[in-house]
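Shared between the two complexes below is subunit A, which pairs with subunit B and subunit C, respectively.
Let's turn to the complex of A and B:
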């Protein structure tokens, strides 16, 4: 069984390291030159790209795998890493296999990057996708459905064929299946984190950036089944933690490994949050654009880029901690990430109020030294274990 | 010749001072007078609507920049960081939080009243949203959120306008009605909007006088005073009409007399030697020192993006009393940082040409990704389109740790030398655009 598990993880690992998007080129060739559309974190309605017969490709920066030479000439030292590595990927031709690029509404950096893209790559289709911060279906919902309708028209043109309602419904069904599979993976981590270590789960989730949705769903399910059967993976006395703040620029894989090696089981995190967005199924009957919009309006996860009109800003995090039976929270945010870092004091206050311990550090996607984080995480895990036993 | 002009200049300055003092006094006595207080933001402010409800606005960014100018921001920021706010984030937010924790004493030394409503009408920046989420925890009052979509593909579509108008009707106006106990008087709103457009005409006239040689104004350092009443509590009032009419007359006088801008040290000693367009907000903690680096060298700013941060009027937009809600939506959407980069590049290039500037200088502030992300591309593109050299400096808004005077001065001087070189040899390639490692390291 573990041979199967190893093979799945190896495949995911190869995709994670496929910085040249070879898999996308192969997919295009195998599909008669069909088009591919890239998108940045966090949320884009991948269903619409998929429904047009194009491959949605999630681009989450250079993840420390490329040397930044040209990208640094475009961004000041006090701006996070992901835009510079994304520009580097494009300027080195690694994104040439993408015919279009979507920039979701998340922060001012990504927003401005969309304009840079239009100047630097005028031959490519580029769109900034604003999402509503008003969650009244008659107001924000109507606006979003209108925006999604425009996106559908654009992507239809890019694909060379109009996207029908049935195309969209079929795609929504595929993504619903994918989200369910991901929930199974997340449930497994909360249930038996020793069976599905965070770094493996991360690789499996990451693979969804590159694989066609059904293939990814199959990979997640295979992994979950194989991990559940991996009885040789014994539980250890580790602190159960939630890791938060990594929804956009990604932590180095080594950082995730470091946390677990330092004694933390990461039982929930917000990496690849876009893959779990919206929460639950999108309706497959009625107007599919309205269904996508409704799901966004009513079932978006709480995250720094989303306005929370009611209640305490930290409450959703407290609920996540409780649901995943975590014992503490590790705030791991990219340096200079305004949304994540402005959110933190509010979240930390909420944790303090209910006595949930936390620790915080910053990272960059190209971080190479983990000793300090290892010590910090180790101390945190020890304190949780001691405190828990006291 | 300069005496009468100076006297007139003093009149508008004095008038502005009086207006501001009156506003802060009204705020400090709001409780006694029973007037409601609304905290809101400069870009995308709904001042005319607030006037229609007779509420008093407070602008946290203005308090922050005033704290910066009064050298108090450093301590406020330190306080916020001590409370757990990251050193990486916008210093306006931290300055405001620090001020709040220190008794919320406003720029005139009077205590600011707590808000009756947090009116989160913001545009062009995500940090505003987080800022009010933070403030929301400090006050027990309703919050009205107005989300203005970004002009990502360079236009404000009918669907976007409709979205903003719906929010005005379903979210903002009901909350203003709730706190004031009054129904919206649409006629009153329209009157305010009509007054806005009169003053807006005069502001545009003033800014456009910088096309003269010499320019009668400095459109960045001086400009921040000119935009003050328009971008804050006074747009839509009779006093704003009077202020801008007076300012217009003063500037026209200066043009007639062939005079340059008035600096804190009086008329520029060596006259106008360089004409610049500046992109990005100013540094407030060393504002006078920063300005002096320019006028000592004879550098006059003839146009700046910062003077459009609370509204871009020179492309023709005016508040339109006949479409009260749509015009508010259009106003919010059109503020400078809500424009996409290609549009910003277009505007800056146009200003370089229309104002016959020697080039574009970017002041990149650490705090503000809304402005800063993409500025190096803006610089390169404007250079390319205008054929005039660009310069680049880095400071911060209100964090004194990020103003390295020697470094900034040095770079301004090198930039002006570059312009000089270009003048003597127009075909010389004086800049190759941004290069890796070319940026100064922050102190």
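Let's turn to the complex of A and C:
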């Protein structure tokens, strides 16, 4: 690995392990005490937070880096890990540097978490962000524009200044650029996965939770350039797979590494999906709130956490497999994740119909043993390479 | 060394107690079956508490020297076992996949393999092409494995080479715990203090291990010829007890066999799969080559 590539990955790794949000505190100090607003996965309109001069901070659970002591007392045993670790982060003071928190609509557990937040932290701004369940622009679009308008007013008050249309358009342009850079990274992984291993790409994407958007765009582009130039990274004979189901609670970093070591190139995944949402540019002319709403209505990625009105839910996955030239699908979902696990049978059925092999396992963000997943991924890779058409 | 009609591949099986390397030459265009493939070099290097990376390098370099070839002559370097961290690898194959293929190479009539390594044992059933159909592994306990036997040999002051022949002389094997290696080791200490002979202790140990392994084979629904592979494939005492244990369990007939290259089965299988993959990738126009 070149010195440049080393340094970029090390910086991203340090951000991934910054469980106390030291980088957010430093940003606030450097910006005269400007405010920071946290948000849960998957989608929030970060443009509105950014346009108010505040730092959007993605909180994606404890990532296995903290011991859950108080968090378990707030939730029953049969739900996923991310709400427990998020409560733990807050109750141990690690999120004190955040002035507000947004809870996008993912599932009932996260809705309950937003309610607990109001009870636990009444002095902080808390909002549950409803997203459309109807994708008719005249219905869902109108509803979402109204919801975003309310959010814009709230965040303006929190920032101490109204958010102008020009501020919003400028921020939309910055995030458009960021999404383009991320697409370049995803394209590199599909083209040459040996140059940009999934675990490195994951760290680079994760850094976007904590860095100001322009800084993150620069990091992604620097990484892509350095990885493309890393000719010492030779291609190996591995099975190309799509990994699906990790859009909210994140897989342990070691799990991502385990998949690749076991013989799978992860050429597409839905980790940190919010960084790529919506797909393509948001319009930078006209009413920016309407532009954000339109983009959500017309160009949201297909995911189990988004309402899909009708049709074959598996078709978008089949298209992803074809576009990324994957040879199989690994369903890696968090234990007790209702959206991911309820969708799986329909997705698996769609893959079976077109003869795409798949395997499935579950994880928790604090998983420490990977031997079983290693065996499963290894045998899956063998079956594709030795008995498939590849 | 190789002609234009043949392909040269290496298999590196990284185990917890030894690294095994096989360099195999096979005819081009011979598909998965690769009839006439021959082993041109073989190396087994014990770890002996050395850095695993250094042991891999030493074993690999030794095999290359024996074969009289350079790394650049190899079309594919295939790893198996714990070999995922070997930087030189072209590709990695999972242990079951490699042992099934290696066992089929050593005995084309085999339809199952029992790989008995240092830390675990696994029974694998496969078809006539080497495709894995079913498998069972030992769980956390090491009571059916090589490390356990090595510990017992050390208590008894017997070398590993002596274990098999000595066990076969035992006339009254002592019953040993087959569930827990720690309990079994305690049993052995008690037996020594009671004056039980090393031969009877070892035969009791082999009987206990063989019962565990035979149950694994039955669980994997193995029938017909079973090749024993891994580090204990050369242990004649274990082989004879395994044949008896398999007969006692009932079900379809199990014909327990071992080959002098049984310890290399994983490496051989990986090298053969590497040859198949080389040609498959070439036919697809995918540029993956062994790292020189």
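By our rule, the second predicted complex is superposed on the first by the 385 of 390 C-alpha atoms of A that agree within 3 Å, B and C clash if a C-alpha of one lies under 4 Å from a C-alpha of the other, contacts with A are read in each partner's own complex, and residues count from 1 in each chain.
By our rule, a residue touches a chain if its C-beta (ideal position, glycine included) is under 8 Å from a C-beta of that chain, and two chains touch if they have at least 3 such contacts.
Model, not experiment: these values are computed from the prediction.
Once subunit A is used to superpose the two complexes, subunit B occupies space next to subunit C without a clash. By the touch criterion defined above, A:271 reaches neither subunit B nor subunit C.
Ranked by how many residues of subunit A each touches, subunit B and subunit C are led by B. Between the C-alpha centres of subunit B and subunit C, as viewed from that of subunit A after superposition on chain A, lies an angle of 100 degrees, to the nearest 10. Looking at the shared chain after the overlay, A:74 reaches subunit B, while subunit C stays out of its contact range. In the superposition on chain A, A:379 contacts subunit C only, with no contact to subunit B. In the superposition on chain A, contact of A:324 is made with neither subunit B nor subunit C. When the shared chain is aligned, subunit C comes close enough to touch A:237, but subunit B does not. Of the two partner chains, neither subunit B nor subunit C is touched by A:171. The least CA distance from subunit B to subunit C in the superposed model is 20 Å. Subunit A uses no single residue to touch subunit B in one structure and subunit C in the other. On the subunit A side of its complex with subunit B, the touching residues are 69-70, 72-79, 83, 103, 105-109, 111-116, 118-120, 127-130, 132-134, 136, 138-140, 142-143, 146-147, 150, 304-305, 307-309, 312-313, 335-339, 341-346, 348-349, 362. For subunit B in complex with subunit A, the residues that touch the partner chain are 83-86, 88-90, 93, 125-127, 129-131, 133-134, 137, 143, 145, 147, 149-150, 152-153, 157, 159-160, 162-163, 166-167, 170-171, 340-342, 344-345, 364, 366, 369-370, 372-377, 381, 394, 433-439, 441-442.
On the side of subunit C, the complex with subunit A involves touching residues 32, 76, 84-85, 89-94, 96-97, 131-132, 273, 276-277, 280-281, 284, 287-289, 291. Of all residues in subunit A, those touching subunit C in their complex are 234-238, 261-263, 375, 378-379, 381-382, 385-387, 390.
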